[in-house]
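As written, the chains take the letters A, B and C, and residue 1 is the first residue of each chain.
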């Protein structure tokens, strides 16, 4: 818990002789309600204006026929919801994203943890490896998609992947042009891993380095194997970090948009495969379609699905951050 | 005997570990190599069907071309991106830092309810509420202004969530001491909590900065005049040109990510150490 | 594909971003922060009243939007045209990025443009939603001079909703020398084309390039046209539930699996480089690549219309950006005046716009003979094809939802080898519901 007593003492001492900056009414810990809103109020106010009002507006729109307008007049009840649930494309997009989440969340988690453990155990050039894995976090999805699409997975020999295949005498593969086999998943997943693994690695690395070495020393004295000390010391100690990482990954997977859109869409259309719900809704509501009624209804359905997933997740990991 | 075995297996383990790390590092660096290579290739070589390890001709002119194009205010866009990213980062740190502390430390009957209202927004796909958000900002008269680009991005539920988690694990004894010394919530926060949270703030700040720098959709919509373009928008102009000049596109992409790469290289150590030192992370 | 402009490829690029987004009007320098949703109150502040600006002292300010044309000089040109107009103060906004999306959304607000261009005219929902104003009568005596296919495309319910600016087209381009070497003549029918593609394929050089997706996005419409079908019939009924159309779409699947298509080129079909760098022998592309083709291949290229299926017809796909006036404009009359001035009266500017920067066909037939770029070589052939085989890209009633369903169908047929007739039936269900909604 108290890892930096020295630091804190210094700050506390420096802070001690000051008087409360606001009036007596606000002094000390009285008026907690007021203080709560002084701290939380600005954020909540902004949240209401820039997030809640648009969300409520969207829910309102979902009950109306609203083509090319955000102030619709024709109420259609739950008609838009029924349409979306009947829409085969929307249903298949929900299926796509569940499969995608089931795959990408554990994969990113495992690879981040693995790189973190490898880097943590490394004495020589640790900073170098850490930087290398962290660096892609700075790259935008647009730029990554550009590199992946044009330079790694292009369908001809000038692409890195096909150049490698050429070295061992294999034919070029049009990675993004065929659906059988679905090579496009390789493109999307590799781009996403490259962009994300480094960030979560840093979180794990920080957590790993907080584990007290005495725990491992004690385990070694008891004759624990490497696997045992990982299983019974490292993993439990990483539990809070793991929960946070999983939650972040889950939210990210649900909201997948950028790399799918940037890699697979062409000329204002998007293929019916590997189409996450957000991409589908984008074309319904924000694309040329401008069908805000159905788009909003789909968004509400998607939100409910995410909510359910989060609740299920919450049953396995309590991340309420108790004290 | 046993000792020898352990040290040999340790050696093999270490060898394996380094091999894995070096291979992974090469894979992670390859895209950057491609970006650099492409940015320095000539258009003809880039469009050719053959693989090139290095540019057959080094086309340094790609960089001057993107800065000298009168239709493309690259310099101005970089300045805008820097301004927006800095203001947004500072704003998020202050607003979310305060909110996170309030939620974590000030007892209030509805505190949990407020917290759930905040985290619930994490689940709403932003792209879907985009149209109403846009109409809202437009009715505030914030189109083509820096405030329209900055202010709506100041309220990040994720940052508040993370700050709250962080402050929950902040050693309570220190704050107790500050209270005993007569500091209220405000004073405790600024004089005791903040100075001991710089590392964590740096981490959040970095995430926010990256997000602000790489944002595309919002700047495209709000910054409709060239004077409010960000560097991502400038990048997109290359993508929309009728005959795409791929090598210039890659050069522009390199310019667009260079500031972040540099920032990372310089700040990274500090960020990571900050997370380690003060991010007690709930354990 | 479908309800896109012929140059959709250029304007709406995949990498483009996370999202098209939507944007609002240009400049508004005079109005400052006036982007409020109720425009009536701010009209007075933003300049004079409406209508004829000649009488008063203050001139009306008009916002005009263009998507970003790639050719150097185009932006300066349109700004020059705007400056030359004296009856109003026209401010040009040059929109990078996903133009259609940004423009469509901005029409929801008062911050949108007064005058804007849109691919093949406004969408049916813009017309039905009252977002654009009727431009009937602006063409005047010149009406018969405008490209009839495009005027028809921009007309709905007997009213004209946009004025065609320049005509663009897509056609099949081939390298003469490669065809000669393989002993292949330019194909007349789809079967010829498939045989030729096979013969021209050797190793990493492929016979035909229809886009990196194998023609899924690009070739649906030309294939329908080649079978004598269309998206919708004249009366709005579904246009391609015939055996001929099904056979034509099935041919694309055959091509896709024949190993003679180029897939995954560094630059897609809208760029000349697949042909000039020797990745393919034939390519379906746009007229706008001709300057690059000439630069790369000199006279070693020719062009032909997309071949026909048995019982069908050859075609070249034509499309045009149309100039529209927003109904939210506070100066509708002044905006209409300006559109008429620029796109009907000022023939010299129209010619300049079509030929001086890029490579387009003037929308007015009488200007084509004056276009120096179209007087020789493959470009001359192309201009002739536009007259003879020109087929508008899509129908005004073909809504974005129909286009999405059509795109899904194309992908499933071509890439997955799905049953053609079953897929067509799915699109038919969507399209019939949409047409009913739009007309209802």
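Heads up, the rule we're going with is that a residue touches a chain if its C-beta (ideal position, glycine included) is under 8 Å from a C-beta of that chain, and two chains touch if they have at least 3 such contacts.
Just so you know, these numbers come straight off a predicted model, no measurement behind them.
Taken as a graph of touching chains, this assembly is complete, with every chain in contact with every other.
Most remote from subunit B, judged by the distance between CA-atom centroids, is C.
This structure's chain pair with the greatest number of C-beta contacts is A-B. Centre-to-centre separation between subunit A and subunit C, using Cα means, comes to 37 Å.
Note: centroid distance subunit A to subunit B, computed from Cα atoms, is 13 Å. Counting only residues that touch two or more partner chains, subunit C has 13, 15-22, 105, 108, 204, 266, 279.
Listed for subunit A are residues 70, 141-142, 146, 150, 156-159, 257, 282, 286, each touching two or more other chains. Listed for subunit B are residues 46, 48-49, 127, 130-131, 135, 216, 232, 236, 246, each touching two or more other chains. Remark: subunit B residues 44, 46-49, 71, 127, 130-131, 134-135, 138-139, 141-145, 216-218, 220-222, 224-226, 229, 232-233, 236-237, 239-244, 246 touch subunit C in the complex.
Residues 1, 3-4, 8-9, 12-22, 100-101, 104-105, 107-108, 123, 125-126, 128-129, 131, 204, 211-214, 216-218, 262-266, 268, 279, 399-401, 403-404, 407-408, 411-412, 415-416 of subunit C are the ones touching subunit A in the complex.
Chain contact summary for the complex, subunit A toward subunit C: residues 67-70, 89, 141-142, 145-146, 149-150, 153-159, 172, 174-180, 257-258, 261-273, 282-284, 286-291. Subunit A makes touch with subunit B in their complex at residues 1-4, 7-8, 11-12, 14-16, 18-22, 26-29, 32-33, 35-40, 42-44, 46-47, 49-55, 57-58, 61, 70, 115, 118-119, 121-122, 127-144, 146-148, 150-152, 156-160, 163, 166, 194, 198-199, 202-203, 205-207, 209-210, 237, 239-241, 244, 248, 251, 254-255, 257, 278, 281-282, 285-286, 292, 295-296, 298-299, 302-303, 306-307, 310, 321-323. Remark: subunit C residues 7, 10-11, 13, 15-28, 32-37, 67-72, 75, 93-99, 102, 105, 108-109, 111, 204, 266-267, 271-273, 276-279, 288-289, 292, 358 touch subunit B in the complex.
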